[in-house]
Amino acid sequence: MAISVRNLSVDYSLPHGTAHALRDVSLEIQKGELLGLVGESGSGKSTVAFALMGLLANNAKVISGTAKIDGKSFDLTKPNATAALRGRGMAMIFQDPMLSLNPVFTVGTQLCEVLRRRSPGSDRKTRIGMAEDALDKVKLSNPQRRMGQYPHELSGGMRQRVVIAMALLSEPALLIADEPTTALDVTVEAQIMREIIGLRDRIGCAVLLITHSLGLVTEYCDKLSVLYAGERLESGTVNEVQQQPGHPYTRMLFDCEVQIDRERHADASENRFTVIAGELPDTRQRPPGCIFNGRCDVSFADCAVVDPGDYPVGNDTEHSARCLRLETP
Amino acid sequence: MRMKLDRRTFLAGSSALAILPYVSFARAADRTNPIIALDADIGNLDPGNRVGTTEGNIIRSVCQTLVRFEPGKTTWTNDAAKEIKQISDTEFVFELNPGQMFTGGFGEMTADDVKYSFDRYINGDKNGKKLAYADDLKALKSVEVTGKYTGKLILKHPSAALWLIGICDASGAILSKKAIEQLGDKIATTLIGSGPMTLKEWRPKEQFVLAANPDYKGPYKAHFEAITGKIIPERKTSFLSYQAKELDFTAFDADQLDTAKGLPDTRVIDIPGIDYTWIGINVQRGDLADLKVRQAIRWAIDVDAIIQGAYSGASSRAKTLLAPGLLGNWADAPLYTRDLAKAKALLVETGKTGLTFTFTCLNDATSLAVAQIAQANLAEVGIMLTINAMDSGAYWALGADDAGKDLELTLIAYTSKFDPSFQTQWFLASQIGLWNWQRWNNPEFDKLHQEGLETLDKAKREEIYIKMQKLLDESASCIWVTHGRHFFVDAAWLKPMFLPNGKDWQFEFFDKA
Amino acid sequence: MNRSQRTAAFIASRLASVALTIVGATLLLFLMVRLVPGDFTSVMLGPRATPELRAQITHDMGLDRNMIEQLWLFASRAATGNFGEDVVSRRPILDIVLDVIPNTLALAFSALALALIVGIPIGVIAALKPGSWLDSGLALLSISFITTPTLVVSVILFLIFAIGLHWLPVAGAGEPGDIADRLRHLILPSVALALGWVGYISRLVRAALLDTLAELHVRTMRAYGVSEYRIVGLYALKLALVPVVSILGIGLGDLIGSSVVVEIIFARSGIGSLIFNSIAQRNYPVVQACVVFIVAFYIVANLVVDMINALLDPRISGARR
Amino acid sequence: MDAISINNARLRFGETAALDGVSLSIPQNKCFGIVGESGSGKTTLMRAILGLQKLDQGDIRILGNPLVHSRAARKQRANFIQPIFQDPAASLSPRSRIRTLMNEVATVLKEPLATTDERLRVILNRLGLSQSVVDKYPHEISGGQARRVAIARALLMRPSILVADEPTAGLDVSVQGDLLNLLQDIRRSEKITLVVISHNLAIVRLIAENAIVMRAGKVVEGGDVGSLFRSPREAYTRELLAAWPSITQAGPPARLVDVQDHGELGL
Amino acid sequence: MSGLVVTLKRICSERDGRLGLAFTLAILVFALVGPLVSPDPNAINIKARFAQPGLTHLLGTDNLGRDLMARTSVGTRYALTLAVMIVVISSIIGSLIGIVAGIAGAWIDRAVMAVFDIVNAFPPLILAFALIALYGKGSATFVLLVTVVFIPQFGRMARARAQTLRNLSFIEAERMLAVHPVTIVVRHYLPNVAGPIIVLASMNLPVVIAFEASLSFLGFGVQPPKSSLGTLIKDGFMSINQSWWPTVAAALVLAIATLGATLLGEALRRVIDPKTASVS
């Protein structure tokens, strides 16, 4: 069963005007699928997650958007539209594991709290058992001992595993992982990604992975959506998008990625790095035309005036991008 | 130590007198034993080292003296003594009642105990240290024991004062020799007596309870089973407690007289004081050494305004040292009603301008009001006054030794006793560096004082003391302000009793009305 | 180190710094009184100063020895609680102080309890709806409580409840041994003393709670559907209490300080009124003894507060590795 | 003579050994990379090199001179070695105008203000900054400009060694190249020794000639980047490389079935 | 100067800030203008004692017949002057000591903190009145001694702030440039410590005003014939059965002053330093 988000638009009211942080963003994730939502800072990718969870900041407002989860439709413009889903249908893993657990309660207490919601009838003992079991599943050694520990006694990777265990206990249909490895070292990152995939395989949920790292997406995700300044510029399967980027931004993003096995000059000072010149547009007053216009290396006159539609790329029906060059005349 | 050292002069600020007339008192007091307020706690219960009036009052009710003041009077009748006979100007024999038992199992009172008690004033305590109140029995040379119950008092010279301020008062308390030797230093906190009452309980800073002494053999049995004294340093608070029927008797300040008069089931007692408050001028200090300057100051200060402004007009103005009613009161003393012209003329005569002086006083409200009025008064004749207000501790240390040389104008309040010699002694030359803050030195005054001490004839003494007051007046070193006045409220059912000075309460004579 | 070892080490290090503070405070107290200008004995004895008595005091207090010896004498006396005898009443100073301490402690602790019991709920209610009229109203109320000086509060309570309505007694600490009476006498002074702290604690709880509610772990709890009541009342509140508890150490000191005013207005015996009267009488040995007790109490209170905080927040003992 | 040589540097913070016997030498006029995960000690090592952190033991030589923590020595050292902090914008004092900050250099160098101004103009030009930037406060300029201003200030001291701490941390891929290219340019034109501290293996591999890998305060292995990354000798280095997500390895997304796990990193 | 204007504007943009500013301005006007337009506050007129409020005496007179309006406004001015002096002096001294402790070696830091701990071990009110009782009264001593009591707070704040700053890269950059330490303190520490210190100072102003009132009330504050809010309340209570309005007026002024200063201080905190812990 697919999970979908349609026409999500979110505004932030700021001291100097209203920023239209997300504009008509749509996503679709199949059960058991991992969708990578890629974007640079300011692209609005985390806003998608929080709009879905109903945890947006006070100055944010959902202008439009519906979510379909487990066959039910939710009007995201209503406050707390998805409150019923939190901890049941949806779970979330956060960016900073150091801050996402309450420092003055033990791991066990916080895990059991999730179970109060998920399986209300269960008694304390059962919950503790389930929580220990979940810790074991996310490969934390000695779960009994971990239950009695406080977050500050655990490393960042271990804490992230605790949050994953929480997600596991809540058995969601949709797991949102918001930059789950950004704060972690690369070796830990790999382990955490495996745990997320393991969790998906255990309960067969859909996963929305929000990240700025194309490396992570290409390595772990089935599908990919590219977000830029609040607009979804491209989406498709990872393979398709990588082989045939439909949008110049996607292509340039791939070019900027510094690869571990890239060819290098013997004189290191000869090695150059790719840059996307220019700066993000002001989302308070979206300029006409393509949102990427001005930084694009292949733009033409129309790009400045015509807002491109979502055009299919190649033969894959799932692959599309918003670039005028794809417009079939 | 004659001054009221522990008078809580500070005002905590608490009174709802504005709304009180409309308050109805819900609870009626159904007490059979009175609860009264005292503004000072017990300091030291050793009669010779007592600190304030509180102890004096307790000691007089707990201990026996040879003779006891009659209720509300300065005359006395026998108490511990069965008989006292004067055998010469300087010799008295006494005989004690038999069977007068000290509480706490310290046995029967004998002449030995009398000697022991009085010898402490003559020879000092067990370490030979002089007692604080030693001078009360200064005229006593020795005590001789002539039998179990009989003895002889031998005086240095004829003395009227010895009885009034010594033998009858707390200093004359007869203590148990055995008890004192056994108690050691604890006599400061334990009082063993044979009098009408016993000190049944004392919770420092909270309260004490005086209970009737069932073993008392003397003529003055206590009327109440118990009297509870609450320590409430602030008069306004105790007055409010009284209004809330938590108390049956308390002193209050003059400014609440009208309120007090309106209270139901209440008697207001109003006793003119015999104490004396004056502005002292240091006659040895700088420009103040000039008699004319002092006279100018005396003409410039508006004592009537002070009485109005600082004493709410409730106390009357004092003209001289000894209060009306006391032996030696100088009824014809001149009244210095403010005369700016005279003051200015005197200053012109001296040729001095731009005079500035400090005015030292306690930091209670009354003193400060006096100071500020004096300040304003003197400003009008071109004398600048700086007010130096101090806590009691620092204030009373001021006159000591050379420190007193720097004093200029001071506001001083001393308490009086019934013999005029007690009052005049503080103006002697020997008191310079101690309590003579005027530092006024007049050999004739000193001579007269000694004469007064040794004279027994009333008319003669009267003459002597008036003469002394004239000398004081000529010196212009003292500007008399007031003799004070005491106000009490008491529940209609209770009849308190005090000596005519209003300060010495006679707990043993407190009675139902 | 494991957790209990860390806690032990934390307590040990706190005790060490407490010891240092006590030593320093003693030294300061010693110097403060000893550096008073003028002849100490005459300032202290005032009108009772006879040469004999003066010599006696000089000797009793060790003023005839050198400074170091004097300091040692004072410190050892302070440590053993033997402050000597009061020159006025000839009672042991320790007894004088011990007589009044229970009254002040009862006052301070009841005020503190009152401040917590009333202040915390007000803070929580205000934090639940930040910006609402309820919040604004409570904020204004709290600030008024904080800014109205204790002496004004004392007098107003005094006028209304003791004088006007006769509900509660005017003066004193109550009949000794009669607990109900003692409690009745405690109500007004402790309310007077507590009111400012009610405002203060409620503001603190509100602010700390709002700060905590903005933290990311609260978001985690919300994301997992934990009810808002449990989040605020349990998870955030425990964390928000940490700064509140920290301030209580200071608060106790403040309460003891303010007790001077309250004890005088309500004519209660206590360490505040004792110290005030002793200062007025220049009875420095008693002042010193009082301050030694106050400082010791204050330091111990702060130590206890630290311990409670270490219990509330495991990071406090754990972080100082 | 090496630009920097370190011999047996040791430093403990409480129970943790931040530096546990680090020895290395950094040749002149090359780029040297220090790679490691968080807690490896690389930042502590950098701070020790800069003289911001005293060592418990061991010595550091900058261009042959022993590193001494005296003010005179620091003053002298300022002419040789300058840092580029992780967030260069944050290395500009927020309440001073940029001109004030630049003038401080003149005071330190005891150089006439005009001379410094002239040199600054040249440097700003080369870094592509407008001259008007000096009249602004740090918060009034963009992040990219601030990074350049910070670098310009370091260059004003004419250092022969630049130490860059995590230069790309927190930057989007689209802008990190800009900074790296700038460092490369400066390195070439100023003939300076560049020390880059980073957790980003891919970047170090490209801009450095030599590098070390650190872990738990120790140097795991080091040497010429070519061989270091092509054929690492140590298991840890291999693990680091293997974990590096790479767009070129994109294959079918991983499935749980045969996920190999090392468990969590220990405490 | 523009910074001040901006700050004021932002304070005015919220209700509490406006209220605080209004109260504070009202008190300031009262304190500054009041004495200029009212009669001599020390002129005694025994005949007119306890006069009712009226046209000649807006707030009536006291027990010596002095104009209470004049005394209250002079008292307010005096209380404010003292409080401002105490806060300014203690914040400046505290900041400097705190910064030095924060950036100097561990021993100096420990020593300074130990001294602060020791001073803090005494309840402030008791320490203040003990010091004043021991070392004498008078405005200068008063300011000096109360300053001692308030220094540690500012010192702690400045120290904590300096310690944070010390490890920030812009300070380290200055050190790497070998800029003179005094220059670093003056140019880079001070401006960055100032914000929270100003906030703390403004939050402490009402505390000091109330503190002064308490001390004056206990008889340890200003000396007659000068008046301050504390002595006015005290004197008012002394004769409350004759007239209640002097007390109420002084208490009201005191309450408005502290309330205004508190509201303004909190608004200032929100503007300058949103992260600093709330009520102080």
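Going by the order they are written in, the chains are A, B, C, D and E; count residues from 1 in each one.
Convention: a contact is a pair of C-beta atoms (placed from the backbone, for glycine too) under 8 Å apart; a residue touches a chain by one contact, two chains touch by 3 or more.
Which protein is which chain? UniProt says A = ABC transporter ATP-binding protein; B = ABC transporter substrate-binding protein; C, E = ABC transporter permease; D = ATP-binding cassette domain-containing protein.
Everything numeric here is computed off the predicted structure, so don't read it as measured data.
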{"item": "Between subunit A and subunit E, the fewest steps along chains that touch one another", "value": "2"}
{"item": "Far-end chain from subunit B, centres as C-alpha averages", "value": "A"}
{"item": "Between subunit E and subunit B, distance of the C-alpha-averaged centres to the nearest whole Å", "value": "44"}
{"item": "Where subunit B and subunit D are represented by their mean Cα positions, the distance between them in whole Å", "value": "87"}
{"item": "Whole-Å gap separating subunit A and subunit B, where each centre is the average of the chain's CA atoms", "value": "90"}
{"item": "Cα-centroid distance, subunit A relative to subunit C, in whole angstrom", "value": "52"}
{"item": "Residues of subunit A engaged with two or more neighbouring chains", "value": "153"}
{"item": "Touching two or more other chains - residue numbers and ranges from subunit D", "value": "none"}
{"item": "Residue numbers of subunit E (touch at least two other chains)", "value": "133, 217-218, 233, 237"}
{"item": "Sites on subunit B touched by subunit C in the complex", "value": "1, 3, 5-6, 8, 10, 12-14, 16, 19-20, 23, 25-27, 42-44, 46, 49, 51, 129-130, 132, 185, 187-189, 203-207, 230-234, 237-238, 240-241, 243-244, 246, 391-397, 400-401, 403, 435"}
{"item": "Subunit A - residues contacting subunit C, complex", "value": "53, 55, 83, 85-88, 90-92, 94, 96, 99-105, 110, 113-114, 116-117, 150, 152-153, 163, 166, 170"}
{"item": "Residues of subunit E defined as touching subunit B within the complex", "value": "42-44, 46, 49, 63-65, 133, 137, 217-219, 223-225, 233-242, 244"}
{"item": "Complex contact set, residues of subunit D against subunit E", "value": "50-52, 71, 74-75, 77-78, 81-83, 85-88, 90-96, 100, 104-105, 107-108, 150, 153, 157"}
{"item": "Contacting residues of subunit B [partner subunit E, same complex]", "value": "10-18, 20, 255-256, 258-259, 302, 305, 308-310, 312, 363, 365, 368-369, 371-373, 375-376, 387-389, 391"}
